[in-house]
Each structure stands twice: as structure tokens, then as C-alpha cells.
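What follows is chain A paired twice: with chain B in the first complex and chain C in the second.
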Partner chain A sequence: MTGRAERIGLLALPGLSFLAVIYALPLFMLLLKSVQIDGQFSFAEYVAFFSDSYNLSVLWRTVRVALLTTGLALIIAYPTAIVMARAKGFWLSVFLVAMVLPMSVGVVVKAFAWTILFRTRGVLNDTLMSLGITDAPIRMLFTETALIIGAANVFLPFMVLPIYAVLRQMDSRLPEAAASLGATPVFRFMNVTLPLSLPGVVAGCAFTFSLAISMYVIPSLIVGERQQTLSMLTARSFLYLRNEALGATISSILLLIAISVVLTSSWAANRLGARQ
Partner chain B sequence: MEQIVVPHMKDAIGADILFEGTKSSVNLEKMSSNKDAPYLSVVQMDDPVMIQAVEADLLTPITSGPVPNMSDLRPDAVHMDGMWCNYVQPWAGVAYNTDFKSGGVASWEDLWAPEAKGQLIIPSLQNTEGMWTLFMSAMLGSGKPFSEAQYEIDAAFEKLEELKPNLLSVYTTMSQAFNLLEQGEITMLAGNFSSYTLPRKATGVPVDLAAPSEGIFAMPSGICLVKGGPNAELAEAYVNEMLGPDMQAAIADFATSVPANTTVSAGAIIPDGVPIYAPDWAFVAANRRAWIERFDKLMAI
Partner chain C sequence: MAPPAPRDMGDSKYLDVNAVGKAFKGTSVMSGMDFRVGRGELVSLLGPSGCGKTTLLRIIAGLTTADSGEVLLDGRAITSAPAHKRNISVVFQSYALFPHLTVAENVAFGLRARGHAKTDCGPKVAEALALVRMSDFAERKVAALSGGQQQRVAVARALIVDPVLLLLDEPFSALDRKLRETMQVELKTLLRDRNMTAIFVTHDQDEAMGVSDRIAVMNAGQIEQFATPSELYARPASAFVMDFVGLSTRLNGEVIESTENRSTIRSAYGTVHAPGTFVPGTKVTIGVRPELVKTRAAENTLRVTLADAMVLGSKTQLHGRAEAGDRLLCEVPGMNSDYAPGDTVTFGWDVADSLVYETGT
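What follows is the complex of A and B.
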């Protein structure tokens, strides 16, 4: 590394120091607590956690909800990102504001708003019945479907923006060149646009999955205590059971899943980037 | 309550209150985490959590020397040799929506009635008010009087399992569950208390609090001094004011609760002809963690 490059590298120092103190150190201490019982090194808490069928059902629900939330967000986000990448001037500003503005509304407020939408005598049920699609109100509140819809709504900007950023960089003449060679719209999308946008898709999925798997307030408000997630179990362990080792164990499992996804997606993004 | 307490304390003892409102269990965690250098002076929380705080050596006793108003309290409002006092006592029953359940809730058995399918929310055992559904399940399940039934926890869980078809949800955030009751999404909210339901009723919301025939419960609202906390003298002066006639009358009226100070006649009146129960909080504190785990597994979908 040259002297100039080394000096530029120093610019990363504040960020790295901040993360080391605020993120890495406490997490390391948490990890340590999960493998220490009465001062002795032990995996007993992990064995106990994985031996309990209830914990396994919570683990599966947490992963399932995170995967479905990511999938739903991707389905909604991709077309939105295409439109945004092609938008200019006023309309681009409208889209960007529409993406960013909902993030300023707290999750608690959103959860109460969804309650109005999803309730038995709510807008959605009234509409379905007035259109003759359903005869009686459908139970929507406190269901996993409501949770996935709500979570996808909250995390949508984290999926849209990375895909938009990649599509915006894409040379718009490439699909046109494919078209001039006789490629159909579907062929152009599958073989030109989609492969080129994959790094953005991977980044968006990593963001959304990491946020969805660790969310606490959203499931607490939308599905309540009867459908617990790993984050809710963590809070319960620390605050109510006062079992720090169990709380640290569940946190570490959650962290391990999130890190695996981020590393895998980072590797995938690099591979996809290199191929292009 | 903050709007009553803060100006009074400024006038009476010259104290500026830094209010840090949260759940009792979170307060306990804050006290426990900062045991070596406490930053809280006074904490107000529920009795079962107070017991845990005493066991963790986090409290210092309230004494009648610096807190003379303590002498006017009902004897049952002073606990563990003054480790904490109850400053008010709301009563708990079953909150219901008057538009959709105009006949009220005559019996706790109404919670189990077939017509209540999907119409009920109960508190988690993580919330102190969650204990009322558990204890009433114990009474109904065992057929024993409360004094004995409160220890029949297996019978309580068996009876609770029968409640599952009627449950829309189990809450830890009470305001959200109450909102659903007000909207008519559910007709009953078990274990709710006078300091929450009755002020809402007074604003014209279609809710009321039933005192079913089997009995109601005394909600524990405690106040304590943190061991080694800052401004010790001011903290004692604050507790003294909270237990004094002016604050007792104001809080009891505001929170529709029964005052703990015997010289005060204000606030809520306990419904006539219905027994009011106060459980063995030491038994609750000793077993609560195991009950929470068992409850969560039982109620899981």
C-alpha cells in the first residue's frame, strides 16, 4: 500500500473504532456469557436450547417469517426499483420521498394503523365482503400473514434502494442492443437486466433478511405472545426469566444466522460482480 | 399520574423529577445492572418484582422517622419490614365492551363460554395482571376457595388450556389490547384494572370493568427506596409525600384506586358483595419464571 493509500485508509478509523466499541465488544461479551456457567466453559445452554421442541418451533417460525418477508419484499421491490431507475426529475424525487418518508413513522404507529386495516370490522374485510369475495369477515389480526405483510411494508425501502442503485448504474443501451438482435422482452429481462441487477438483489435480500430475523417490536405488536420469535424469547430470558445465559445463547444463535446470511450474500455478490 | 406528581413535588419538597417510566421487570433489570453505582433513587413497581429486588439486595427499608406518613398506612400496605409500601390499590376484574356485551360479565366462567370464541384477550404472565386469570383458573379448576386454590397451579393450567379457543391473543403491551377492546374487535379483556378501565369509561369510551361474582383482585402498586441511590434524603421526602394525604387523594382520584393512607377518603370504592383477593406474592415470586415458560408453551399456536 502506498503512503497516500495508507493515509486514506485512516479515514475508516472512526467508523471501525465506533463499531469495535459499540458493536463487536458487547457482542463478544454476550457470546462469552452463553458459553460460561458458574465460570466454567460449557455448551450446556446450547444443548438445553436445542433439546426443547418449543425452542425449535420458535427458531423455525423466526426463519420462516424472515424468508417469507424477504420474498414478499423482493416481489414488490423489484418492479418498483425498475420504474425508479428509469424515472427522472420530479418523478424520481416523488419515488425517493415515497420510499424514505414512511421510515420516519414509528413502527408502533404503523402497527396501530394496520390494526384498523386488518380488524374484523376493518377496511379490508369490509371491502372483501362488499365485493362479494367473502361472505363473512376473515380473521387477519394476530396471524402470520399479517406479520409478513407488516414486516415487508416496514423493510421495503431496504430492498428497493440497493436494487435501484444497481439498476441506475446499468448501461441502458445493453437491453436495447439485445432488442436490436431480436431478443424478446422476457429474454432481455432474464438474460440481461436480471443478471446485471443480481448484486443489488443480493444486497437487498441480505438487508431485509437480517432486519426481519431480528425484529422484536413488529411481531410483539402484530402477532403477540402466542407466536413468539427468537427476539421475543431473548427479551423474555433477560427481563422476565432473568436468565442471562439463556438470553445470551438465543442472541448468539440469532447472530450466527444473520452473520451466515450476510457472509453468504457478500460472497454471492462478489461472485456475481466478478462474473459481470 | 406524572402531571399530578411532578408539580406537587416541585412545590412541596423542591424536587425536580426525572421520570423513567417502564415495566416493573425492566426497572428491576436497570437496578440490578447498576447495583454498584445506582442512578435511580425511588422506584415504583409491582409487589412480586419488589420481592425479587429485596432478594437481590437492591432496596433499603422505608422507616417512619424520615417518612412519617408511613404510620398512617393500612398495615397490609407495608411489606417486608418496610422494604416497600403500596401507595394506591386499584382493583382488577374483567374489562368489557358495553356495545357488544351489554349484559356485562357476571362470572369469570363467561371467559370460557362458547359464544366468546375469538373474543377474548388475556395478559401474559410476564405482566403482573396476568396472574389474575391464572388464579381464577385455579379457583374454577380446583373448586377450592382462593386461599387454597392459589397454590393449585396444575389445576390452573388445565383450566387455562380450555380457554384457548376463545383467545384472540395474549398481550404484553396492554394499551394495544385495550385499543382492540375499545374498537369492539374483542368483547372481553381479562385481568384489567380500575386505574385503566374506569378513566377510559369516564371519557365516554364504550367500556366498563366487571366485578364477577367469584371475586376481584387487589393490584399491587409499590414504592421503594433504592439502596445507595443518589439524593437519599430527597428520595425519602418524595416517598413521604407520595404517602401523604394530599398526594394520596389526588392519585386515588386520578387513578380510580383505593388509597393506602387510612386518613384519606377518595378514589375508587371496592364493589360491594364481591370478595377481593390479594395473593401470596412470595409464592408468585418463587415460581413465576417457571410459570411464564409453561404458560408460553401452553398458549403457543
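What follows is the complex of A and C.
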């Protein structure tokens, strides 16, 4: 009965209208500002942005940090998700709490906690020196490496949970069937587990990359003003420079990168899935 | 009492499961399990759920590790060999086809796992698909197949690697009755033609009777009897086997007198005679296959009030009113509508047709 289906569709109305009014509309108005100069349609702001080599270096750093964060999170998350998918009862609860609880601790608190770990006379350096691995403390805070490690840590649940959800759904007989057909553990992983978990991997990467490319608080706290990211540039444009057009332009670029990466990865996953 | 038939464990020990034990979280599933299958034999592990039949299958496949004992195949110990080195194919109850692969890719999986290039698999895959009459479906995704078609693909995928042993875990239970019977005949013929050694796990006695040379009836981690279907039916080794394989009239009673190989037993329905010698006072269970019970007086005769008369086509089943734990059942051939619930009928059978077991204390 279409009437019934249509009535059920109404349940989506509050969510859709909320998104439309609070998210899509203001964002659209903001993005419109990036192609309007004195009421005229113009790409001048974009041309200006891309002609500045400083902006380009910030753009490259932002994309690089987001990609490396996503990659690091994926490497750490995948084995964790495998273990979680096989865990039961108490241990599953432990894992889920371990994934969700840190999200309730604000990024600010975490960032200051890392400071204790990473600073010149911090726990990590003291340990390295007492073990004789280095003579002098290594500068870790305010580096891109620290930023990537920190960001991967904050966004880890967004990578683990989608992969875990997909692996959990997978019929445990599939790897067993593969084994009985003579497939080694590596062959099983590459030809059964991995391809079947790709939707989770793509979702996790899309979440993590979107969060990492637009992050503001984490780089502000870990690397500060010295190494700007696009989000920090955006904030500076709006707050200090009072240049709405520039802020809108950078926001649009950020959005475009995020959308294109998400679309490309899901396209790639579909291709991979089809080819298997 | 007729001594229980000695356990037939097969003279040829192609597969030799030797004193295998397994416990899960401290609860023993089986201990001292011996199980031997000859080359080219089709064998069923039959038993209720939780009897350990699937665990035994998984131990043979290498998917579960035995705590003790050993498994030999063709004289080689494979106890500690991982599943992928055993060349034992498994057909699962859910078929476990790879959802991201086409029918042909599923069938080719075992060849590719053995290092064959994708392009070299074509002829063998075509042959395997032809064997199960699925050639027209090669490029389909497996999700688009019906249950029977999925089972055919699972069988083709399992056989393409020329396994030394084929294991099937409840392979027909996901199919409806008609299709199940067709598939059983089809699969049996296919395995026979290839002289394949196969072990079926099932809880369905009709399925076990239909596909197997021999059936191992399992209960609580033990093999109660391992024999041909006709032997199991005619001479069940225990009351459990008698109840699990086929129907029977079943009476509980107490021996009141026993001479050489003939006992007199008091039951709730009167005194009956049965073969065997027992100490008077022994509690026994008597069984008679329903087609051996006649509706006329014989060496043992009971007057029975019918609870139901079921016309089943090729036969008519007469169910008598019985106490809990007992069953009064007679089958007469053909459709017979002379009987109605409430009628009083004579059930008669000969002493030699009775099965007698000491009731477990």
C-alpha cells in the first residue's frame, strides 16, 4: 500500500527539515558569498586563494594530515575491529566502552593530557632518554607527527565502529568455507574478509577523513598558529580579518575536497567489490 | 534378550577418528570417540541437536581442535593439520557461498586458493557447473539463487578441488520437503559416480536412511550404534536408537517371569511375552515396529482403544490410547477408513518381532 509507505515516509520529515533549516540553508548562503563580489557572480576569490603560495601550502598540509590521519586510524582500527567482531559478552562490552567513553572526554582535556606525554621533558622523552635511545629530548609537541597521532586517536572510534559493524554481520562460516577449500589465512583475508568488509572501511574512512580535514580544535591545541590548516584559515578570515568572502571560499574548498574524497572512495570500493 | 549388535566400525579405516575428546568451557561434548569410515562410503551422523555430531564433523574438517585423541586419513595423522591443508571440503547448512562473488567465481575459489590463475579455471568450472546443472547461472550473483540452486553451487564448489573427503552439515535442512527428496537422490547419485567418501550430519532420520550406506546414531557425545539403515531399523542397539530411527509401539513394563530366552512382562495393558532372559523384577522397554503389529490376535495380543486413525495414503496409522512414555502404534497398508477414534481394536504381534531393552536406571 503506497498510502502506508508514504505515511511512514513522514517520519523522516522532522530530521530532514531540521537539516534543511539548520544546516543546508545557512551553508548554502555562506557558500554563495564565495562566488559573489558586490552582488556580481565571480570566481575572483578562488583565483586569489589559489595564487597565494602560502594558501597552497596550507591546503596541501591539510589534505596530507587528513590522509595520514585516516591511514593511521585505519591501520590501528582494522585489527581492533576484527577482535571486537569475535568478542562476546564481557569483553565486547569492555571494547565498546573503550571506544565510546573517550568521546565523552573533551578534545581539550585530551590535548592537554598529550602535552604531558609529548612535551620536551614529558613522559615519553624521559623514558626514551633513560633507556638511552636518545641523548637529547626530541621535539614532539607542535609537530605534524603529534597532530596526526592525536587526531587518529580522537577519530579512532569513527573508524573502528563501522568496520566492526560490517565484520560482525559477516557469516563466520565464510572464512571457514574458504579454509576448507584450501585457502591460507592470508588468501582468506584478502579474498573473503577484506572485500566483504570494504563497505565498513569506506564508511570509516569517509567519517575519519571528513572529520580530519575540517578539524580545528585539535590542530589549534597541538600545533598552534605556526602550522595553519584550512579550518584555522577559515576561522581567521571570519574572526580576525572579517573577510566573509575569503572564509566562504576556503569553506567551499574544504567541502569540495571532503565530498570528492568520499565519493571517490565509495566508487573505488564498488569497483573493488565488482572486480572480486 | 538379544545382545546388542556389535558396533560396526568398518574394516577399512580410510577415515579413522581415534579416542577423540572435546570439551567447551569445561563441559565435555565427547570423550573417547571412535569413528571409522571406509573409502567411498556415504555415512551419516544422526542425532538430536547437542549430541556432538557437528562438533565431530568440525574436528574432522579441522575447524575445531580436538582436546585429545587423533584423526587419521588414509593412514596419515591429520590431527594438527590446519583446515586448509587437509583437502577436506565442507558443505555448510547455510551453504556459506561468498556473497561478493558470482556463481562461477564461487566454484573457482578452491582452484584459485591453490594458486591456479583465474583464466585457467574456466574449463574445470564449466565442468563442475555442468555436473550440478547450473551452467546457465555461471555469471549470476549467488544472492539471486534459490535454496536448491545455492546448494548445487555449494556442492560444485566443494567437489571441484577433488577433496579426499566431503563433509556436509545438514545440507538439506534449508530446503522444502519435495525439493529435499529430489536433491538427496541427485546428490547421492553424484557422489556414488565419483566414488566420493562423504559424511552427512543430520537430525532427520529419513534423510540419513535415504543417503547413507551406514548411519552412526549419536546421543550425548557417544555413538550408540553404527550400522546400515536396515540393521538400525530391524535391530536397534538401544531404546534410544529404536525411538530415534523409525516409529514403534513402545511399552514399559516389569519382568515377572523368565525362562530360557523368553520372558513374561507385565505392562499397563496386560501381560506380554518377549525374547531374552532377565532377572524377575527388571524394568524393561519393549518395542515393536508398527508394520509388524497386526489387527488380529497373535502370540501377544492387546485390546486397544484408538485415540486416532490417520490415513496417510500408502498406509494407515492406528494410534491407541497409551500412558505417558508408552506408545501403541499399528500400521496397516493402504488407505483404510474402517477405524475411528474410540473404537476398540485388537493389536497382535509375535514374540520374535519384539525388541527388549533394560530400562536405564
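By our rule, the second predicted complex is superposed on the first by the 263 of 276 C-alpha atoms of A that agree within 3 Å, B and C clash if a C-alpha of one lies under 4 Å from a C-alpha of the other, contacts with A are read in each partner's own complex, and residues count from 1 in each chain.
In the analysis below, contacts are C-beta pairs under 8 Å (C-beta built on N, C-alpha and C of every residue); 3 or more make two chains touch, one makes a residue touch a chain.
All of these numbers come straight from a predicted model, not from anything done at the bench.
Shared-chain residue A:Leu196: touches chain C; no touch with chain B. Once chain A of one complex is fitted onto chain A of the other, the partner contacts of A:Arg236 are limited to chain B, with no touch recorded for chain C. Look at A:Asp126: by the touch rule set out above, it reaches neither chain B nor chain C. Residue contacts after overlaying the shared chain place A:Asp171 against chain C, while chain B stays out of touching range. By the document's definition of touching, of the two partners only chain C reaches A:Leu181; chain B does not. With both complexes placed on chain A, chain A has more residues touched by B than by the other of chain B and chain C.
Interface residues of chain A facing chain B in the complex, by the touch rule stated above, are 54, 57, 111-112, 115-116, 119-121, 139, 141-142, 220-221, 223-228, 236, 238-243.
Partner chain A is touched in their complex by these residues of chain C: 61-63, 82-90, 92, 94, 96-101, 105, 109-110, 112-114, 157-158, 161, 167.
If you check the complex, the residues on chain B that touch chain A are 23, 25-26, 28-29, 32, 52, 118, 124, 126, 167-173, 176, 179-180, 183-185, 288-289, 292-293, 296-297, 299-301.
For chain A in complex with chain C, the residues that touch the partner chain are 171, 173-174, 176-185, 187-188, 191-192, 195-196, 273, 276.
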